[in-house]
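Quick heads-up: structures coming right below.
Look at the two complexes coming up: chain A is in both, with chain B in one and chain C in the other.
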Partner chain A sequence: MLGALVCGVLAFVLLLIVFVFREAWPSFQHNGLAWFGSGGNPDQQIEKIFTSGNLLQEPVYTFHAWPIIWGTILVTGGAVALSFVAALFVSVFVVEFAPEWIRRILEPVIRLLASVPSVIFGLLGVLILVPFIGDHVITEGNRRSVSYIVSLSGYSLMAGVLILSLMIAPLMIALFADGLRAVPRGWLEGSLGLGINRWRTFWKIGVRTARPALVAGTVLATARAIGEVVMLAMVTGGVAFAPNPADGLIFFVEPTRPLAATILQTAEELTSPPMRQTIFAMASVLLFSAVMLSLAGWAIKQPMKRYGVRA
Partner chain B sequence: MTTTAARPQIRESSASWRLSDRIGLAFAWLLGLMFLAVTAGIVLYMMVQGIKYISPTLMFTSPAAGFSESESGGFLDPLLGTVIVALLALVIAFPIGLGVGVWLSEYGRPAWLARLTESTVEMLAGSPSIVFALFGVLLFEQGAVGFLSRTNDGVVYGRSFLAAAAMLSLIALPLVVANVREGLQAIPGHVREASYAVGKTKLATTRRILLPAARPSVVTGAMLGLGRVIGDTAIIVLLLGATLRFNGAGDIPILETLRGTGSTLTSYVYANAPTGEANQPHKAYAAGFVLLMMVLLLNFAVDVAVRRGRRMTWAS
Partner chain C sequence: MQMRSRNLAILGVLVAALILAPAASAKTIFGSGSSASVPYLEALFKGYKKVDPKLKFVYTANNGNAGAKDVQDGKSQFAIQTRPPLPSDSGLSYSKLFLDGLCIAVNPQNSVSGLKVSQVKDIFLGTITEWSAFGSSLNTTIAPFGRFSTAGLYTFFQSAVLGGQTQSSNVTALDKDGEVAVAVKNNTSGIGYVGLANSGKGSGVKRLKLNGFGCDPKAIKTLKYPLSRYAWLVLPAKKPNKAATKFGDWVRTSYAAGKIIAKAGAVPAFNAKKPPKQK
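Then we have the complex of A and B:
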């Protein structure tokens, strides 16, 4: 009977995948690989697609999502990179160097931060970080220098990256710490016995042994970051603009809008058939990358089982 | 943890270390303390702002349409909405998650099906909730499930508490499965063998011996799932409709609300943030504070459950 239940769950997930990809197909079919390419302003294209559905005309499908995809890559990549460095040091600190009483505070705090709803991060971002960036980080000169392309208001790539890295750090720390704790004690003691100091011992032996756990944690955190919706929709600015690294450092404070946030903001346009198919196309890109990432995480965890790490 | 006991009690001074090592250690300390400070800052700031703006009237009046903070009412409906949605989602996710977890841990034959299930559940855990929300939109607009939401001239609206809860259960499911499974696997094999030896069947063993023993993990899984459900916004915004008040469908008292649209605290905060439609940040702070308190309470409950679970050990 339980077997039937399990089969039911599997069938439901299969149905989910099939439904999403089938609904997305027309958009990919009309654009081909150019769907992923650049060309034109996605916001204007969305507008055209949307109205074409409602006026009973020939539906328009032209959509080039590169600025949105580029925004996703920048936000996710930036947050994961920042979070990786921080999470690595914090997890080393928690596992090996923190005094007992700090550890006893830090561990529940990490769990707490992991469970704060993303809308609260978004609210704080909008009310504190965004005005701060707008007033203190962006100068008048910056604003003028790109005013003919995009207006800088504080809603930016930087706000998204900073908050997102704070949101995925607890997940990374938890997974990294699990890996670091599983390092056989004898290996570390062998190194300590040779007179190597505690930092170097842990850095060279502990962290190196836990490498698969580090990679697996990073992959899972990337999946979480790609799927983050509400916070990014609130703080990154809501225009499909591709921040241009050629602009110099201003590029960090330029607005953008990742895939998931785009879906949320265009969700009201689901009533128009071609628009709905375009939205599902974006969702299927997200779903595909999530599936690929979880496959990668699974593959990476395999060598860890040799050390007896259970994660 | 045995590693804690093995830790050397006398610490060597880092003064004799190489500079790079000392910098590394200092950096670890700095980031650890900074992490603590940032989290404390977020929670304390939310509390200060929340207590400043919250009032009993705000919590016990329904939202109303209005342009200023004094006209737009409180957030009773969103508060109740959060409770309804959370309970509904748990009612769906808990039995299914329990079943899948038990099957994975105790039965798990054939092996390929077990592995497939395991990776599917893992994939569900990693999938963006916005994809579930869109799938929900598609699924609940089908005529066959039209009874779950409002129907106008044969057009199924597809947005209701039932629809939202069904999709939210998908994000709670992986947490329930993982925790149930972990709890069952922590029970040593000789406990099962002892139960078989006194003539209990496999089903009876699972129900009478294993599940009661694994109760702390089961409770933890349910709580963690509940926390995720309460905090989710994307599914609520897409699948619960955008009405701030309960907007029932039909005329059967309770079912009417469940089939109708409404809001939860997350969608209320989202709408009242400066980027949202209502833009009343003070109310967003107050509602966010209530939401955060719920999450903190759940976290605390998980801690208690975990600690209770640790007290019980098996002689081996």
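Then we have the complex of A and C:
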């Protein structure tokens, strides 16, 4: 019975992958590797693809997704890096250093934060963070320097990264804390007994032993970040623009649009067959990243198993 | 054990009753489409309760082009669209419901009170990026806000203002009509194209005159305002839903609907001017 269930789930996943890639194929076939490259404005390309299908013309497939892929890498990478550091320190504090009463308050609050729907974070972003960045972080000089290319209005990479960090950090904290709690008490007590201070003991033994849990938490949070849609569609600016680090600090406040948000915003264009195939092509890139992420997480954990703690 | 199965059976009956009861007494019709028309539709759905109290509406604001596709696919019984029909709208019938205006809105702190359509085009194509070029008291760069290419409103704006060109990359594209109004309200240098209902009193934005005509019901009704447009009811060409057709006729022609449309901020186009005589 259980075997059949497992086989059913595996068959479903396989079918899903085959279906998505089959639908996406015409877009990849037409563009080749240039699909992942840069060239032209993806928003204009999307519009041409959409209208070619809807005005009964020859289908157009030309699409260069680099600004969208780069936007996804920046938003996800930024949020994961920021929340990893924060989550590590918070979880160490919660498990080892926090007094019991603080722990009793912190843990439910973290769990609550992890379950807040992303649209609420999106609303907070649109009504509070975006106007704040627009008014207090971006200067008129910044705006003028790029005004012919993009509008710096507060809808930005920074808004996306900050809110996404807030969304994925609780997930990381919960998993990191579970891993840290599972470290055998005797190992820590042994170290303390040798006269090594509490912080050093926990950092060198607790955190090192819990590394598989840290990897598992990071992989899960990254998957959540890559797939986040609604909040990012609301606060990142909705422009398929690749923020350029060469622009200096303006880079952080430039608008962008990650893959998942692009799929959401173009999903209404499924009427047009070439657009549908382009949307599936974007979906297949997301799916492929999710599979790769799981495999990478598994591979990283292998050499760590000797530490005894599993996650 | 017996007790538990009896409890389960009672629970099952209750759940079935809850599901079936509304279905037996009320009829639901599903619609989708324009997000800019939501404020009018909400008022009209409420007003239609007096005509047919048992009819329930479920409307998904997924933007005009998607709504038309839903009707083609049979997922919606009607759609509301803010652009005229296109060749791709095969199997659909379009009928005009009422008039609406696409307003150009700025932040109230901006001293500009009117623009020409060509100037709006320059802003949304990224040719002019400074408010000082239009004699504004603001010495800042323009922050244009618009919609995604999926919105019927965008399609209308593109053909009526941009001459078919794509809006510039410096336009921040947002998902819903109301989001554009909020963005302009929160940004002193903002400008955006917003439906009549979302740019009225209390929206926190200022409507601009276009080619000398205000975005108000009077100029829209006479079609003098350059961005006057009809809201269209989209139904399947074959076998349209009777309740949806009846609702469309009521919105288009009745005196009561005309009053509701005007109160909600749009402009009745074909509605009776006087209430029907009491028999």
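Assume the second predicted complex is superposed on the first by the 286 of 311 C-alpha atoms of A that agree within 3 Å, B and C clash if a C-alpha of one lies under 4 Å from a C-alpha of the other, contacts with A are read in each partner's own complex, and residues count from 1 in each chain.
Just so we're on the same page, a contact is a pair of C-beta atoms (placed from the backbone, for glycine too) under 8 Å apart; a residue touches a chain by one contact, two chains touch by 3 or more.
Everything numeric in this text was worked out from a predicted model, so none of it was measured.
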item: Superposition on chain A - do chain B and chain C clash or fit; value: clash
item: Partner chain in contact with A:Leu270 - chain B first, chain C second, else both or neither; value: both
item: Which of chain B and chain C A:Thr139 touches, first, second, both or neither; value: neither
item: First (chain B), second (chain C), both or neither touched by A:Phe50; value: second
item: Touched partner set for A:Ala223, first chain B, second chain C, both or neither; value: first
item: First (chain B), second (chain C), both or neither touched by A:Ser38; value: neither
item: First, second, both or neither for A:Ile102, with chain B first and chain C second; value: first
item: More chain A residues in contact - chain B or chain C; value: B
item: Partner chain in contact with A:Phe280 - chain B first, chain C second, else both or neither; value: first
item: Chain B versus chain C as contact partner of A:Gln302, first or second or both or neither; value: neither
item: Touching partner for A:Gln29 - first (chain B), second (chain C), both, neither; value: neither
item: Identified clashing stretch of chain B versus chain C [41-49, 59-67 or 203-211]; value: 59-67
item: Residues on chain A lying within both footprints (that of chain B and that of chain C); value: 126-127, 233-234, 238, 270
item: For the chain B and chain A complex, residues of the former touching the latter; value: 1, 3-4, 6, 12, 14, 16-18, 21-22, 24-25, 27-29, 31-32, 35-36, 38-40, 42-43, 45-46, 96, 99-100, 102-104, 107, 113, 116-117, 119-120, 122-135, 137-139, 173, 224, 227-228, 230-234, 237-238, 266, 269-270, 273-275, 281, 284-285, 288, 291-292, 295-296, 298-299, 302-303
item: Residues of chain C that touch chain A when the two form their complex; value: 62-63, 65-66, 68-69, 72, 86-88, 126, 129-130, 139-145, 148-150, 166, 169-175, 179, 182-183, 186-187, 189-190
item: Chain A residues touching chain C - in the complex, by the definition given at the top; value: 41, 43-44, 46-47, 50, 53-56, 126-127, 130-131, 134, 140, 143-144, 147-155, 233-234, 237-239, 241, 255, 265-266, 268-272
item: In the complex with chain B, residue positions of chain A that touch it; value: 2-3, 5-7, 9-10, 13, 16, 19-20, 23, 86, 89-90, 92-94, 97-98, 100, 102, 105-106, 108-113, 115-120, 122-124, 126-128, 166, 169, 181, 185, 197-200, 203, 220, 223-224, 226-230, 233-234, 238, 260, 263-264, 267, 270, 279-280, 283, 286-287, 290-291, 293-295, 297-298
